[in-house]
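Next up: some structures, all given as structure tokens.
Next come two complexes built around chain A: one with chain B, the other with chain C.
What follows is the complex of A and B.
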């Protein structure tokens, strides 16, 4: 299928009428996913949003329930969101949601996350101009990966090439009259654009046997070297589309309060701090090693996926140039401690 | 411009003759224009040391939690040297534990301004200073950009391009690049209270409380930050305008009379919050009220440790 670019706004208007629509919105020098009420609020001329759209399904702060006390104790659970639609999500970010799904459907089913995901449609946008630090092709993905998406659009000039991935994606497209069948020329153009995008990716992780290589250097001075310049801030984890750790707190005022959960970061000293005061990851070296292992050893072993989609945010935003590509590639060269 | 050879020679010399544990310097980063902090502890590593207008990091933050007994060598720009003075004055680190290699700096390049002019390639980049311009070479192509258009705002107003303390200076002494006139703060002060509040609400709303602003700051070194205390909990973990505002106001207040305007908090902020506008406002007020500026004079007392009989506050008399 294809849709002319000048019909996109009409399509967005239609989906806004029965969905809560999130789309990339320009905020000075960065782009963030925000709810839009009109199509002209969004921008599709962007590389990647500063904060990944995981924040729509796993908000940084979320109320699990509220409590208050009059004569009795009252509990109140938050209302569930309506049907949402993400327009213009990048394939890497869509793939990250599939990785999160595995986490939140494990032993414990996270009803808040899952209800949001169940009622959400993802219309992706092929990444035709990957950023310098993108490396999705190294982690079983590509700029036009359809994994996790319902529909994928590819900008082929004055129109978008449209791929229907799921039946609910098909339904939403069928309901709008502006979509037309694609011809061979359109398909060829799309393939050229995807190839050009893939070829423009310059940075790569060598991922063969990575999990076992990491196992062999768990105890190694290498991690101390990397950790030495780490600030211990939460940028890399908070901006990571696959990082999902959270902390829970009861926040009260007077006789009212709420149990909330907030994003947590394994870069923080109190992340694994136990009530006794003992911390199994006492140094930054333990923490940074955990970040790398979680993505390239634990998740590959336990869930058969990399915990990284190659979006490059952690590299671009790190104030001290800790670069996951280098960290992983150099890990292969590390000599065993004597 | 500082010669890398001269800098490397000096580092070799102190590694040979002084009892230094390591030297904090810069080396080329992993891609494009990046440089990265470099802990030099072996003589054979010294040849990787560089200094260029891409050396943004204030390396003094790495010694805020350094309790080693041995001496440490450190490369500082003018602005970074003020952080050192402040840390020494606060007795965070004794002066004689440091071997300070000062580098004269004609301004460092703001990545945000640079990205609007030149896109960053993976490799093959170079920059040299030519009078009041930088000459970029990217994949063999040359491009000249006037310094003032591409350096950090702090560099445009820099009064101390030559470090204020050092044991050895690399490069010639440089005249001040500009004057701190607080023009941004003065412009902002003209806004109505409502508009000012609206502006900061929009800024603090963006905050993701990653605490990069705190962790990168050389003088933010409390062993237990109030942001992490649970009993009493000064600051809730909820990330919203209210708690974020509390965080940023407390952060600015804890740095009152201590911030030396190195700008690292603003540079590190992943959400583009203009933290220096807040820091500069506090700095300007302190300058006007108490005629005090942090990190300028070695062995001067910290602001909050000084009492003056002519203090302008009524309640002090």
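What follows is the complex of A and C.
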């Protein structure tokens, strides 16, 4: 299918009528995913949002339940959100949600996250101009990866090439009259654009046998070297689309209160600090090593995926230029543990 | 789909002062407010629950009672941080939250027909108490039972009365110890790992389960190996800071294992292959 660019606004207007629509919005010098009420609030001229859209499903702070502390304690689960639609999400970020889905399902299902995911449609936009630090092709993805998406749009000039990935994606496209069948020329153009995008990615992680290589250098001094310049600011984790760690805190006002979930970071000493004062990961070295292992050893072992989609945010935004690509590639050259 | 973070309400039915002073320990008998939950709540020895004080926070504790005691669940808590301090201030009749049970358990079914040696120190006796109660309730299924337990001083012994009572029975052998000599103490004086060597249980058809301070566990395992126990005959429990209890919040991992859901019980055989800080 295709849709002419001048019909996109009418399409957005239609989906806004029965969805809460999130789209990339210019915010000073960055782009963020925000709820839009009108199509002209969004911008589709962007590389990627500074903060990944995971926050729509795993908000930075959220109420898990409320309680009243008067004579009879009452517990109340917050109301569910309505149907949402993300327009313009990049394939890497859509893939990250699939990785998070594995975390929040399993034996214990996180109903808060999962109900938001279930009620959400993802319309992706092919990454035609990857950034300097993008490396999605190293971690089983690509600028036009459809994994996790319902619909994928690719900018082919004056129109978008439209791929329907799921039946609910198909439904939303069918309900709007502006979509037309694509011709051979459209398809060819799309393929050229995707190839050009792929070829423009110049940075790569060598991911072959990575989990077992990491296993063999756990005790190496290498991790101390890597950690030496780390400030422990946690920006790499807050901006990572696959990081999901959280803290739970009680907030009260008078007789009422709530248990709140807030994003946490494995880069902070308090994260593992026990009540006795003992901390199993006392140094930044322990914390950085845990982060790298979580992404390239533990998740591959437990869930058969990398905990990384190659978006490059942690590289671009690190205040001291710690570069995950270098960290991983140089780890391969390190002497194995005795 | 239920909200997995929302606990059930429970009432504190009774509180026992186990140990006083700076490292005070109290045992709480908890009963679910909803009769149905109390009747259907089932767990295995070694499993844990998240206990909530609304407005303060939540903590994971090993269940100290046995699944055969169906009217309540018990936790023994040392006062240490924010939640445990608030819990120590709680009174009989207070309402709190409980969710769980979480984690794996001691494989009591695999151990049928075997000799059991329990080696505990301080508050580490809590999860052992659950399995000891369970085994005593199913006494015929198991062979010889030894309980080796010690604390810093006689005042620091947890479940004191109960252990003295067990000591009088002839179907279980209780070996108590304190670290330093005290007037009138008629039992072993010295550290728990030394008492273990003194008793020297035979590894033949025997399972050893140890819980206590990390340093104690380290030397207990060393001594068990010296006595001829193989790594798959030795079981212990691990602890990490926890928030969610269900493998989502991230912090309790050691290697690729989440202690909250994959633990807390591990054989020494398993521990040997788990790398990482603990």
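Keep in mind that, in the parts below, the second predicted complex is superposed on the first by the 333 of 338 C-alpha atoms of A that agree within 3 Å, B and C clash if a C-alpha of one lies under 4 Å from a C-alpha of the other, contacts with A are read in each partner's own complex, and residues count from 1 in each chain.
To be clear about the criterion, a residue touches a chain if its C-beta (ideal position, glycine included) is under 8 Å from a C-beta of that chain, and two chains touch if they have at least 3 such contacts.
Keep in mind it's a predicted model, so treat the numbers as computed, not measured.
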Superposed partners chain B and chain C on chain A - clash or fit: fit
Touching partner for A:326 - first (chain B), second (chain C), both, neither: first
Partner chain in contact with A:305 - chain B first, chain C second, else both or neither: neither
Partner chain in contact with A:106 - chain B first, chain C second, else both or neither: second
Partner chain in contact with A:271 - chain B first, chain C second, else both or neither: second
Partner chain(s) touched by A:217 [first = chain B, second = chain C, both, neither]: neither
Touched partner set for A:262, first chain B, second chain C, both or neither: first
Arrangement angle, chain B at one end, chain C at the other, chain A at the vertex (C-alpha, nearest 10°): 90
Touching partner for A:249 - first (chain B), second (chain C), both, neither: both
Which partner reaches more residues of chain A (counting touched residues only), chain B or chain C: C
Touching partner for A:44 - first (chain B), second (chain C), both, neither: neither
Which superposed partner A:29 touches (first chain B, second chain C, both, neither): first
Per-pair minimum CA distance [chain C against chain B, superposed on A] in Å: 8
On chain A, positions contacted by chain B and by chain C: 247, 249
Of all residues in chain A, those that touch chain C in their complex: 64-65, 67, 69, 73, 75, 77, 103-104, 106-112, 114-115, 215, 218, 244-250, 252, 257, 259, 261, 264, 266, 271-276, 280-281, 286, 290, 293-294, 297-298, 301-302
Residues on chain A engaged by chain B in the complex (per definition of touch): 27-30, 50-51, 60-61, 132-133, 202-203, 228-229, 231-235, 238-239, 247, 249, 251, 260, 262-263, 265, 270, 315, 317, 319-321, 323, 325-326
Chain A contact footprint on chain C (complex, rising order): 1-7, 9, 52, 54-58, 80-82, 84, 95, 97, 239-241, 243-244, 246-251, 253-256, 261, 275-278
Of all residues in chain B, those that touch chain A in their complex: 29-32, 34-37, 39, 57, 61-62, 112, 120-122, 206, 208-212, 214-216, 228, 236-240, 264, 267-268, 270-272
